[in-house]
Amino acid sequence: MTRWHLASLRLWIMLLAVVQIMAGAGFVLGIALFFDHIPVTAALFVSTGVPVINLVLVGLILGPQLVAQQKLQQSYDFVRSLPVPQASAAAAWYTVCLLAGLPAVVVSLLIAEARYGFSFSVSPAIAPAVLLTAFTGTMIGYGLGHAVPNPMVTQLVTQLLVFVIFGFTPILFPAWQLPHWLAVVNWWFPFGHMAVIVRAGLTTGLVAGIGSSYLIVAAWGIIGAAASAWALGSRG
Amino acid sequence: MALSIAATEAGQSAGEWSFRAEGVTKIYGKTLRANDAISLSVRPGEVYGLLGPNGAGKTTLVKQVIGLLKPTEGQIKLGPFDLVADPDAARQLCCYLPQAPMPIDSFRVKEAIELTGRIRGGGRAEVRRRAGELIEALDIGGWADTMGQRLSGGIRRLAGFSMVTVWPGRVVILDEPANDVDPLRRRLLWDQIRLLGQHGCAVFLVTHNVMEAEKSVDRLAIISAGRLIAEGTPSSLKAGDRGHLRLQLMLVPDAATPALPPWVRQHVRAGHNLITTIDEAGAASGIRWAAGLIGRGQAEEYALGATTLEDVYVRLTGHTSADGPGEA
Amino acid sequence: MSTAGQPHASPLTLATATRSGIGYWLAGLRSMMRFDLARARQWAALMVIIQVMMGVGMALIYGFFYPRISHQTALYITTGTPALALIPLGFVMVPASVGQQKLEGTFDFTWSLPVPRSAQATSTFLLFTLLSLPGAVLALVVAAWHYGVSLTISAQIVPGTVLCALTAVSAGFGMALMIANPLLTNLITNTLMFVVLLFSPIVYPPAHLPAWLFAIDRVLPFYNMAEVIRAGLTVGLVTDLTRSYLILAGWTMAGWIMTAWVVERRH
């Protein structure tokens, strides 16, 4: 079942992967233009932050938008009634999000190394970081799409979210560059922590508090999954 | 009929505002003939129906009249004006109610009607008065101040109709005006359409609803696959069926079409309904046959009556109209 | 044919001749603007809000990327903010509105009205331009306050901002009309936004760009939009202002020509 799902989404995956690669590369290179000479820290944070966005963009933004569109076009109930076990559909979708983002992650890091002269110390910790980040992004997206009843709200929230994760979370820059209150707010949300755990797998000594970051990201993933399971399981 | 108009126009008699389409052809790409050499004429005051299956080219034709499309070949004239060469004149002299719902979500009904009337060139006081009359005549006074967003489909349609006819042109094009309108208000709508004719407008009525068309139009044209295949008054079109009767059988669900006796002139199967045409002289045999089918459990009911325009339509186009017999 | 029981309808006056000329054009513009204003009710408030949020939001966001914000950086960000507010309006929101109207079939009705097509287009442009200005101004005010820069406002700010808005709306409208498929338009505009906001020197000085990239940006409207507004807010920061005005005028005309070509032609 999962394989069938994947096969039908093959074209989508390729398209999304390409778009992501271009976006990721674009951002890594473009950020240098904002500075006379880009400080190393800024370049490093952007280079290690773009992969996070690559991993969550599809699941967090595109997913709920697709669901919201289904609701608006009134095909949602039909899709829900199909005899596809929800867990299997979710697993397939997770794989899509992961596959759509991984090429971009690799490419972004390679481009950063070439452009800024970095050499990342990739540790085995990168694997759980990547998998967990994609998982939480997908699950939150699932929750936004299925557990939020009003599709217009979903669409609005996802549009805002793009904005927010690019500019108001410490993914692409260190948290201390945000106003203090905003940094505190971000502690409760998974995004900054996603950046922490991914960064930990790529660098040494740059980030701290990795353990608590893992917990928070995992917690949000579980919340998203639970909310979706409840919404999809309930009738009416 | 057109007395009020003839009196106000100096030196222009009503006949000079006739509408003529000559050889109108619309070809898309190299081969798709959406309209194929359609010629027709409409006198002021006539309600002229354009009947045909979906995709026959009715909307394509009227869009060329109002200037949204340009004919590949052919001419369209209204009085002294060439509507193809002068689309600006076309829009001033004709008005058009499209099939799609009107974009009046954030308008109040009365407001939408009045604003459109002003756009069409009416003075403020006259437009207001005429809007009020239309709202009352169509019995939508209860929604006069309601926002378009909150209207049901039928009321929105009536609001759209009012917007277009509050300050009508010489040619009024109505594309499925009665869609979604409730039966009571439908009658009021047809009355207003007739009234437009009485005021001297030439009214184009595009519809797939054969039954209503039959009752409301002076003449009609049947368009199929881009061609005008029949034209005339409802009676003249049915003349070919003089001496015939329609025998309609409601078959049991999923029943196969029963073997047809040789005296059945033509037949069409639409869902559960089997509609046949027989000679008047064969009425008795027809009833016996139908009763036999019912007795054997192949049919549930039969109905015998005069042939309708629907039968002509079916014979000429090979389709039933969407609101076929047996459906309300 | 029952007219019994109908209230006696007033006689109708049907047109005997067609109107033309400047009087007709102006009357058409007036009545069309009334219509468009009423139609704008449902989205005007939302549009202004989104615009302010985008303009202010982006102004703040750019600042977060810098470990240290120098005075010049702050000045550039602040004076680039109005352009940041106007670009999405013209190149995302206007095309989205056009796309929606295409899907709903609205153009069939509006284009069948007896108003010259150029007057209809003018009404749309005027409306969007006017509605865009409060958002741009507000975004500027908030940015100036947040970054604590003081601006030297000169009279140029008025024509600069108006031209900026007009260019964005005209080019966006023309582009959206030309592209037949509304979904394709959506894809293009979103991609465009992403690229433009990164690679155009709107909030940073052009000296940061490699020469070839700057050459491209000088021809596109976006950098020039920022420049003409910046000229009205600063002294000595903007060079080659005339060229920017000319480029914007060119893009506006291009938008008008595309619009005229689409609305005047019949398929």
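Residue numbering begins at 1 within each chain, and the chains themselves are lettered A, B and C in the order written.
As a working rule, contacts are C-beta pairs under 8 Å (C-beta built on N, C-alpha and C of every residue); 3 or more make two chains touch, one makes a residue touch a chain.
Since this is a predicted model, take the numbers as computed values, not measurements.
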| item | value |
| --- | --- |
| Geometric centre: closest chain by C-alpha means | C |
| Maximum centroid distance from chain C, chain identifier (CA atoms) | B |
| Between B-C and A-C, the pair joined by more C-beta contacts | B-C |
| Centroid distance [mean C-alpha coordinates] between chain B and chain A, Å | 55 |
| Euclidean distance of C-alpha centroids - chain A vs chain C, Å | 32 |
| Approximate Å spacing (C-alpha centroids) for the pair chain B, chain C | 42 |
| Set of chain A residues in contact with two or more other chains | none |
| Touching residues (chain side chain A, partner chain C) in the complex | 23, 26-27, 30-36, 39, 41-42, 46, 163, 166-168, 172-174, 177-178 |
| List of chain B residues in touch with chain C within their complex | 4-5, 8-9, 12, 17, 63, 66-70, 81, 86-89, 91-93, 95-96, 98-103, 105-107, 111-112, 115-116, 118-121, 126, 129-130, 133, 136-137, 149, 168-170, 191, 194-195, 198-201 |
| For the chain C and chain B complex, residues of the former touching the latter | 1-3, 6-7, 9-16, 18-20, 27-28, 31-32, 34-35, 38-42, 101, 104-106, 108-116, 265-267 |
| Contact set on chain C toward chain A in their complex | 54, 57-58, 60-62, 64-67, 194-195, 198-199, 201, 203-204, 207-209 |
